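As written, the chains take the letters A, B and C, and residue 1 is the first residue of each chain.
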Amino acid sequence: MMTALLIAMLTGITIWFLVVQRLKTKPWAEHGVIVGSQEGLTSSAPRVGLWVFLGVVTSLFLVFVGAYIMRKDHGHGGGMHAWVPVDDPDVLWLNTAVLVLASVAMQIARNAIARGAVAKAKPTFAMGGLLTVLFLAGQVWAWRQLSATGLYTAETPAYAFFILLTAVHGLHLVGGLFVLARTALRMRELDPGNAVALARADMSIGLCTTYWHFLLVVWIGLFWLLMTT
Amino acid sequence: MALAVVIVLLVAGSLIFHFASPWYFTPLASNWSAVDFTVGVTFWVTGIVFVAVNLFTAYCLIKYRHRKAHRAHYEPESKKLEISLTAITAVGVAAMLTPGLFVWGDFVRVPEDAMVVEALAKQWHWSYRFPGSDGKLGRTDVRHMTVDNPFGLDPNDPAGQDDILVANPVLHLPVDRPIHLLLRSSDVLHNFAVPQFRAKMDAVPGMVTYQWFTPTRVGTYELLCEELCGIAHFAMRGRVVVDPFADFESWLAEQPTFAETAARPMGDPQSGAATYAVCSACHGAQGEGNPQLNAPKIAGQEAWYLKRQIRLYQQGIRGTDPRDPYGMQMAPMANTLTTEQALADVAAYIESLPDRPAEPTVSGNAARGRTLYQTCAGCHGRDGRGIWSTNAPRLAGMSDWYLKRQLEYFRDGVRGAHADDLYGLQMAMMAASLRDERAIDDVIAYINSL
Amino acid sequence: MAYVAIADRDHHLHDPQTFVTKYIWSQDHKVIAIQYGSVAILVGLVALGLSLLMRLQIGFPETFSFITPYSYYQFVTMHGMIMVIYLLTALFLGGFGNYLIPLMCGARDMVFPYMNMLSFWVYFLSVIVLIASFFVPGGPTGAGWTLYPPQAIAEGTSGVDWGIVLMLVSLAIFIVAFTMGGLNYVTTVLQARCRGMTLMRMPLSVWGIFIATILGLFAFPALLVAAIMLLLDRAIGTSFFMPALISMGTQTGNDGGSPILFQHLFWFFGHPEVYIVALPAFGIVSDLLATHARKNIFGYRMMVWAIVAIGVLSFVVWAHHMYVSGMNPYFGFFFATTTLIIAVPTAIKVYNWILTLWRGDIHFTLPMLWACGFIFTFVHGGLTGLFLGNVTVDLPLSDTYFVIGHFHMVMGVSPVMVLFGAIYHWFPKMTGKMANETLGKIHFWMTFLGTYAIYLPMHYLGILGMPRRYYAYGNTEVLPESGVIVNQGITIAAIIVAVAQLIFLVNVFYSLKKGKPAEENPWRATTLEWQTPDTPPKHGNWGPKLPVVYRWAYDYSVPGADRDFIPQNEPPREAKA
């Protein structure tokens, strides 16, 4: 419940931030083009679009977390059957490390392409993708380990939530991988001399990297939640 | 112009409607006059705003309608006006909110001396439990619920043994005593609402919720389920009878405790066989029924349903309507089962009889009946074999000519019309959805195919 | 300058070649808007038909053999769900959002036109899945539009086999479509406004749609989460929402789930949803009133702040739908307070609409009729909301016809009033033809008076205690003989209102064929969409040169000006000199 409230506050603040700028002007009193009023518009639309999307995904995961906590407390509070925590497989630690490495690789690729070092950007970018695939494989491995114990069924709420949260997070990475693969394919024929193509690659890699960092943060949050409850 | 006139007329009409129409709260029968007070305050505040805002709109529409050479006044905003309007609104809102919060505070806090009563909601009927002499309700769990323990009481909990169980939808309450009503559900969401009490609360499976009120008027009130709970939601009716305290106590004393219901005699088919000789004259040696004698098949019907119907005959709830001559024949027969034991025995014997599907005699369009039966399946089950928890008897493989007659009885108010036959009332409301003879034939044709 | 480049991106704007790319796989926001609008109105007609079936049963019980309890609850559910999600949300944001944002902001198109096209087709898919549920065994779900578990997925409810599954899947698809569209609307407003168009110069229509979209983007995930978890409960037997229970006499094997959790998730989406529908209506009606009263919208800044404040507050009021749900009753204090606070900015908006009329120069055009009709119905619906938002007052009224009356006035009739006003207002721009005035007036009067005749008595039946979602009432104290007659009257009024909507359809087709050709700017409005070089605007909207904005959107009847309106893109005099 309090979590839900927290989500509400966060969303509220986000909206507020978005519009708090210049809302006190008296528009009828000003005529002509207002100088400097639209500097925000110089940043690129895809980047803004991505950030709005990340806001949506944040909302999605916050709601999931809120549901998780409320469900957990419901099990304790209502005199019902106690919440049985899942014994998290150790491979999750390894997976986390792999995902961190993926993020690092992406960042290196981003820095490289910004400098125009295409030769360095290509392999590190691909490495980021491969490490992500490895992470996903590790997550599936964790699922198999859990189901192999035979301790948990679909009715075990902690287990169901474990699968659900990791799956939703994984699906977001899979979506990201599609974009990453498209970018990587396009990069194969990237001519470092072509400024337009380079700028596009810079943009794509930059967006991917932001997305990866974001999902890493989400994963660390989820991991912490799953470990501690 | 026309619009302004219409708005004025609508405002006037709404006011006339409000004051002159016969539809307003049912007379209050509980302590919650404060709830009515908050509603009244809200009506006054919102009513004044409604009239003022709309009349001003109408005034503007007339006064500032377009005329030649007329130009609108230019005024981007008026801080003073807007701030004062905001302040007035805030005052009005506070005037409504403050009493509301105080009354809610009373509603949330149950008085110490309130009498605890539990209402158990199931699809689609109510039953009740009182704590008994120890003043404590026993532990319950849905997992303990069976046809013999419909309340799901924990048999090993000593606190539950003296709980008084009311396994029908009529609840008696003493007048002028605060009632702490606990609400429980064993399947889906329900809502305990008596309009005259002004209080209501959902019953949620897996939780115990509550409300409290003090009935202040002796009388009988309708209990409605006000949370959508499935196909028969609208037929989930109960009754609350508010009695003087002495009457309430004597009613309560007649109700069985959990220990008593648990100790009820098990039926003995052997001794039932002897008693059954009377029944076999019409219903046949194997309970297979006899259309010539208008006696339906009873083999294969579940014991709880047979026992309930026999009791209805005994209590004069069934078999008293002259439009039901066959029921009137059955009533004296039912009265031959004088003891609880005899009733249990004969029901047990009937349950032990071999079950062979009755010969179909009704023909209809089973494909069309299948659509109609979707509603029936809600209680009687998709296979038509009856479900104890919904109080629905078996239909499939039983005498179809009997089903047809009963459906007509329900529809025509021959059966299910008696005030004390609340399960029958449900069926009557359902049977009303079969509008004509063809619909009845079709649905029976489908049941025959199950 | 960089921003001009973004607003002016035109690499996709070479003229569409074939019928298919022009009208079907179109990336033009105006075509997508009309696609959204047409599908929404079509599916809305289905929902209108369902409401008539319901009313026939309530008004004349035991008359129509095809309305069984099983199908009645299906009608109830599908009517509600279609109207709220697939009609109102889609029409306001997918339809008007798509049409108006780029035109009013002075952009050539949405910033992600391809995604915009996908958004429509994914929405179309969700509608197909939804409609498909009418044709599967068991039919659509009858769980009520709130889909509360356990009942939504437990035996004893209509359409528990396939209907509920398709419903949840369709919702999930809809949310994907909405997210794609919503990202576009928000990014376009933030990134593609033409030169000079500051946020505070945007027309209130754009403000309303913009904030509503943000609400949607943050609120719909809650519905998605609820839908996914409910689907899992239904499909593989998880216990997110399902406690231990007995369904049809047998234990289900579930344990410990929380039905209340679903309600929290649902209403965390569901209450903002009310404003997702209401805010665009607020915005659009402000522009209609200002244009047709030839007066600036009164207190523009206050109107913008109120929209933002309502948007923020709408996330902290959701549990006022749950006062008697069995949640911790102490929450009632908090949510009653926040709910009544939200009444203040809402009231300010109402005052400012009326103050816009005050000392105006009111032309009783078709859009103006609908806008004034909206003020009346919204005042009525908003005031009854104060009953239900106040926890104690809600106690006797919740789950009765008072609730039905309230939310249909505030969320059904009022937004629909704006929708029709908006359609008549922008019809000339969209089609190049004027809508027929006489038919439009008949449509207005039948709808306005008809709906009031439907919903006013419902409030009183609710006070009497008539519960909602009842297939039949039988003999009961809460519905006396006089109430039965009122119910018949309501049903007849509903039929009249439905017929009026057919008149609207006739008007649309008639005016398309034989309507008077429209001028460029028939209402003499200031906003940019009326300043396009072509009517209807061509792909790319602005011809070779983007407009530049020099003033706010409400320069009507400015003292000293020679005309009673100055378009936003008209340069100030001193600049000319």
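By definition in this document, a contact is a pair of C-beta atoms (placed from the backbone, for glycine too) under 8 Å apart; a residue touches a chain by one contact, two chains touch by 3 or more.
Keep in mind it's a predicted model, so treat the numbers as computed, not measured.
Visitor: Averaging the CA atoms per chain, pick out the one whose centre lands closest to the mean of every protein CA shown.
Guide: Answer for the innermost chain: C.
Visitor: Please identify the chain with the largest separation between its CA centroid and the CA centroid of chain B.
Guide: Using the mean of the C-alpha atoms as each chain's centre, the farthest one from chain B is A.
Visitor: Which whole number of Å gives the spacing of the CA centres of chain A and chain B?
Guide: Roughly 49 Å separates the two chain centres.
Visitor: Chain A to chain C: how many Å between their CA centres?
Guide: Averaging C-alpha atoms per chain gives centres 31 Å apart.
Visitor: Between chain B and chain C, what is the gap in Å from one C-alpha centre to the other?
Guide: Distance between chain centres: 35 Å.
Visitor: Where does chain C touch two or more other chains at once, residue-wise?
Guide: Counting only residues that touch two or more other chains, chain C contributes 243-244, 256-258, 260, 296, 300-301, 554.
Visitor: Quick check: what residues of chain B touch more than one other chain, meaning two or more?
Guide: Residues 76, 206-207 of chain B touch two or more partner chains.
Visitor: Could you say which residues in chain A touch two or more other chains, in rising order?
Guide: Correct list: 26, 28, 78, 80.
Visitor: With touch defined as at the start, can you tell me which chain B residues reach chain C in the complex?
Guide: Against chain C, the touching part of chain B is residues 1, 3, 6-7, 10, 14, 17-18, 21-26, 32, 34-36, 38-39, 42, 45-46, 49-50, 53-54, 56-57, 60-61, 64-66, 70-78, 81-82, 85-86, 89-90, 93, 96-97, 99-101, 103-105, 107-108, 122-123, 141-143, 145, 147, 183, 186-189, 191, 193, 195, 198-207, 209, 222, 224-235, 237, 371-372, 374-375, 378-379, 381, 387-390, 425, 428-430, 432-436, 439.
Visitor: Along chain A, where are the residues that touch chain C in the complex?
Guide: For this pair, the touching residues of chain A are 1, 4-5, 7-9, 11-12, 14-16, 18-19, 21-28, 30-34, 37-38, 40-45, 48-49, 52-53, 55-56, 59-60, 63-64, 67, 70-71, 74-75, 78, 80-81, 83, 154-155, 157, 160-161, 164, 168.
Visitor: Where on chain C is chain A touching in the complex?
Guide: 2-3, 6-7, 111-112, 179, 182-184, 186-187, 190-193, 195-201, 211, 214-215, 217-219, 221-222, 224-225, 228-229, 232, 236-240, 243-244, 253-258, 260-261, 264-265, 268, 296, 300-301, 304-305, 308, 311-312, 315-316, 328, 331, 548-552, 554-555, 571-572, 575
Visitor: Inside the complex, what are the residues of chain C that reach chain B?
Guide: 61-65, 67-71, 73, 138-139, 142-144, 148, 150-151, 154-158, 243-249, 251, 256-260, 293-296, 298-302, 324-326, 329-330, 332-333, 336-337, 340-341, 343-344, 347-348, 350-352, 354-355, 357-364, 369, 372-373, 375-376, 379-380, 383-384, 386-387, 390-393, 395-400, 448-449, 452, 456-457, 460-461, 463-465, 467-474, 476-478, 480, 482-483, 486, 554, 556-559, 564
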